[in-house]
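Look at the two complexes coming up: chain A is in both, with chain B in one and chain C in the other.
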Partner chain A sequence: MNLITSLTKIKTRITSVRRVYRNTESILGILLVMPLLIWLLGTILYPLLSAIRLSFLDVGIIGTGGRFVGLENYKYALLSPEFWSSLGRSILWVLGNGVIQTVIAFIAALILRQPFRGRSFARIWIILSWIVPTVVVVIIWRWMLGTSGGIINYLLVTLNIVPSPVGFFGSPGTAFISVVLINSWRWFPLMTVILLAGMLVIPEELYEAAKVDGASSWQRFKNITIPALQPITFVLGLVGTLWSINVFDVIWLLTGGGPGSATTTLPVLIYHTAFKGYRLSRASAISVIFGLILLGFIWMYLRFLGRSQEEKE
Partner chain B sequence: MNTVISVRFLRSLAIYIPVLLLLFIVIAPFYWIFTSSIKTPSEIIARVPTLFPSSFTLQHYIKLFTSSDFPNYLLNSTIIALFTMAITVIIATLAAYSLYRLRFPGRNHLFRIILITYAFPGVLLLIPLYMMMTNLKLVDTLWSLVVVNVTFAAPFAVWMLQAFFRGVPVELEDAAALDGANHFRIMTHIILPLTSPGIASIAIYAFLTSWTEYIFASILIISDLRRTVPVGLAGIIGQYQVDWGLLLAGATITTLPVLFLFGLVGRHFVEGLMGGALK
Partner chain C sequence: MKLLLWHMEQPPHRVQRYQELIDQFNAANPDIVVTQEVQNWAEIYTKAPAAVAAGNHPDLLFTIPDFTPVIKELGVVQPVDDIVAELDQKYKFYPSVIGPYTYEGHIWTIPNWNVVHSLWYRKSAFEKAGIKPPTSWDEWLKAVEVLTQANQYGIGLPANRHLYTDQTTYDLMINNGAEEFFDANGNLRFNNTQTVEAFEFYQQLYKYSPPDSPNWTWGEAEACLNSGTCAMILQFAVITTYDKEVGDPNDLGVSSIPHSSNVNKSGTIAYPCGIMILTSDPAKKEAAYRFIRFLYEPGNYGRFVTSEPGLFLPVTEMGAKDNSFWSDPLITKYREQVEGMLKNSENGMLFGFTGGRVFPEVAKISAQNLIAQTLQKMLLEKMSAKEAVEWGQKAMEEAIR
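Moving on, here comes the complex of A and B:
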């Protein structure tokens, strides 16, 4: 037997085995993904639908009410100044967090991209503030920013930057800024790692070539790094916004939404309405409106930025 | 000669100072709570803070474990986290095998739907999940939190597994199939061993997600006996006279398992985050 025919035989056998193997794939594939799918349908889709239903009823505390009231809850939400001011704060929250985290994460990723000893250690442990429980984050910062015994106030007073300890959570403006900064401290490491991942796959030759052509480091950053990171920043802009607008516990545990309502974003308003004001249906209506606003945002983001993204590619 | 050395020295300073500053920003606050938690109450609230503790006491830890409900909270949180971890690992690994290694109609749609849920704002589910748990008579049970935590951990876990599962060469599977191995054997003997760092990472991710969860634990648990650590500590924060020593000791104990688990798989964990980000 010559070599060619035996090789062909082996090849046909490989294809046939592969075919049999691949044929069972469809059933198996669907079977294996089912547990997760059913879990998510049961705990995300079903609750969402029941939230919509609840928003048309007049349930206060659980087990009471249940009459159909039409759009009453929506009317109440849309006519209440708290809803609009909370929406405004949520937008401000997302923008503030977005800008601060992006800037810090970019700088941090550039620092961690360089070669230095202990680099892998730094790249791993930078993520620490993202993985500790939020309640620990809250304790850390309430402790450090406290008016008596707080190290930051001590430093500020000793260095004569302020005349007397600042009550960071005491006035509306400083409270909001403090909470944004603390939340950014918690989240920027994740953004850093993701940006760093994008930077590390940019071919080194690009930079070398640009260097030969006499490009400054700023020009290299602007003309190579930034464009190469576009696909990642595009996704990060969308996902990061959704992650950030959802933040509740950092705000709630630091300020409870106060002073007054200075840090009451929409998630805080929903929680407060449902579980402190005992208005489940009203809070449901706010959730539904909130969800619709987010859907609108996602649609616009993909439509306008997604298109320019495609044009660039 | 001297100028060469000093240029090199300056260059390394320019690299190391930003690195140290960055690590300082992230890590220094933890140093500060750990060291403060072993100070005596008077040193804790002293007007001039001490960078290195001048006193040493374990009284806050003793108080935490003997005259507060903290041990109970710790036990509850651990039970919930372990169950969350086990369920997440099983369903996310099966789904990842299916989505990244098998081909079937509708796969890409499923893949997208599952990935979208990792950005899903959980606060929208707050009220309906609370109603659902009430109807299922699961309110005030640890199970309710296991269910919720798996929902929030699993989609992100599938996303993190991407880098690990896509990294296994198809040829390995084909070769095994040629030798007569079925899908089950291929999964247990080839895919799972090769992706075990990823699976360890998502196990830790699921544990940490559950360990940190506050919002659902604060509404789904009613009796003090079943509270979790975050809700328990938040209760101490909420008191009029905050016992800082107790709180800092509590924060330290809560952070220790995080440090330990992350120390074990941190490298793979960050690898998974980075790999997922590129796909």
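Moving on, here comes the complex of A and C:
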């Protein structure tokens, strides 16, 4: 009887020690995560809440006070033609960049997957345009596309392709296309590397078997490469859209949103409203609306594309 | 005692010159340590208010007339009437440089130098075409027509949403009698016949400008003149880059900006730049005054102004005679051009700060480049000059509301 009692006590004791250990483990885990949580709260949540608060005030210049104006800034933003045209440009911007970067990145990844002399060098070299600082990219392209001594205009005129130098940033249509192309040039290497990494883990046997069955290159690409890369392209579609729509530096440095408002996307409009127009609260309201649009996009993307992805798998 | 100076003069030679002066001051004043931090004009409108809000703003901050009101609104700019009066007694400020900083009963900035627009041109292009530099608008239009040839544009004019475009447009407004932005009662009067005419004339000149000029800032215009692609441009100064890229002072012409028949003399946009004192600590303020006095001393002032030779011009009568200004090698080489710029500065003005009246709210107009945006409505969105100016009036009213 005593033995049973003792054993029960020991068992209870062990359970208690385990519980304490588990609790200690949990506490330790929380403690380890805490610095990061505090950092995120300070750098993301606080500015976010601050922006939401500002959007209900009428603050002009940063650092000055403002009174509560309710939904006035939201009303102004949603009734402003500038907001809707900038949103339209942002969508065009994402689509333009998405299509161009995807096509170029796929081509580049397929080439880099093939065995050829200097392949290792090419795989490293292709990253160059992505690692170069944005301001350098902008200076290079502005210089190359300039009408006073720019190499591209020089070649176009010398080869009689155009009669006189082209002002690439001079008209609304060409400026938008030029900025999209320059941004795509900058970002496609990252997509290339990710796609290439995905391609390299596709078993070679699949291609060999398909070849034996008489599949053409296009059929192999369509029926093996693309389906195998779907998980990667799914993530790239989501992350790439969010990255792309938030691009500000390239546009601002190249055109400042002009000529006119031809390259004014929502991030440029927000900056311009806050720091050029001294309407910090109005800019905050646009930011909040922009954030909600992005959240809506993420929700739709995960719901519809995520579901179709699961069905295929 | 530590004093922090923020300025937006980024080129290394300017920073180096200030450091030389600061080192000299610090050595002579062991109780004060002045340090400089370089900012840039594109960010300072955001950064300085943020620094004020965070309580870590500098003690001294470089400024231009339409930047001072932005910082003054935050309540940290100190009146400097006493030091300005003291320096004026010794060195005699040109009245036009004090006016833009005088309002609400005080002077808010100590002017340090002036920058003015001039018409810069390549003499060889004019000689080749057999014409003289224009003085009237009719001559100007004919000149740009004649000078536009293969591989050469008659003029380089910007159309960017940028301060440079504000400035070139205002040059034409001044030279058609549309320099006053506000009437005596403080009402905005941008929409008037003279402004519309100035915009129409800009449009005519612009036809002879390079196709990428809608994206230009100051640098592209200079490059265009220096490469010989543009026969003339409106610019503060081109001497430094011209000397590096071309180097022949005999081919660089400078003249006043041609005027229309509505006015009887040429005018130009001018920015009397200055220093604001942001510290309210009396001891620090006195230390800042000592530093300012040091900068204005003969011998030092010329070196201070020639931190960018051929761009910055003296703001005092004594400063304009200072040997340390005229003995700078670049000023010596381009003396004729610098004398031309000084002559042009005699009739310099700035929107919102004309006619002896000051309207600090103009800062909100210039910060958004609303003059340039109005011009873009005409040049890029094909509005008529009248429609564009009407749009500009409404946009400006909204900005200052």
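The criterion applied here is as follows: the second predicted complex is superposed on the first by the 281 of 313 C-alpha atoms of A that agree within 3 Å, B and C clash if a C-alpha of one lies under 4 Å from a C-alpha of the other, contacts with A are read in each partner's own complex, and residues count from 1 in each chain.
Definition applied: a contact is a pair of C-beta atoms (placed from the backbone, for glycine too) under 8 Å apart; a residue touches a chain by one contact, two chains touch by 3 or more.
Everything numeric here is computed off the predicted structure, so don't read it as measured data.
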Fit-or-clash call for chain B and chain C when the two complexes are aligned on chain A: clash
Chain B versus chain C as contact partner of A:Y154, first or second or both or neither: first
Which superposed partner A:G170 touches (first chain B, second chain C, both, neither): second
Which superposed partner A:L190 touches (first chain B, second chain C, both, neither): first
First (chain B), second (chain C), both or neither touched by A:F275: both
A:T64 touches, of chain B and chain C: first, second, both or neither? second
Partner chain(s) touched by A:V212 [first = chain B, second = chain C, both, neither]: neither
Partner chain(s) touched by A:V138 [first = chain B, second = chain C, both, neither]: first
Chain B versus chain C as contact partner of A:L37, first or second or both or neither: first
Chain A: partner with more touched residues, chain B or chain C: B
Touched partner set for A:I4, first chain B, second chain C, both or neither: neither
Chain B/chain C common contact set on chain A: 62, 142, 148-149, 275
Complex interface listing, chain C residues touching chain A: 45-46, 49-50, 52-53, 70, 73-74, 159-162, 210-215, 220, 223-224, 227, 229-230, 364, 367-369, 376-377, 380-381, 399
Residues of chain A touching chain C in the complex: 61-64, 142, 145-149, 164-172, 175, 254-260, 262, 272, 275-278
Chain A-touching residues of chain B, taken from the complex the two chains share: 12, 15-16, 18-19, 22-23, 25-27, 29-30, 32-33, 36, 44-49, 90-92, 94-95, 97-99, 102-107, 110, 114, 117-132, 134, 147-148, 150-151, 154-155, 158, 174, 177-178, 183, 208, 211-212, 214-215, 219, 229-230, 233-234, 237, 244, 247-248, 250-251, 254-255, 258, 262, 266-267, 269-270, 273-275, 277-278
Chain A residues within the chain B interface of the complex: 13-14, 17-18, 21-22, 24-33, 35-37, 39-40, 43-44, 46-48, 50-51, 54, 62, 108, 111-112, 114, 116, 118, 120, 122-129, 131-136, 138-144, 148-151, 154, 185, 189-190, 193-194, 196-198, 200-201, 232, 238-239, 242-243, 245-246, 248-249, 252-253, 266-267, 270-271, 274-275, 280, 283-284, 287, 290-291, 294
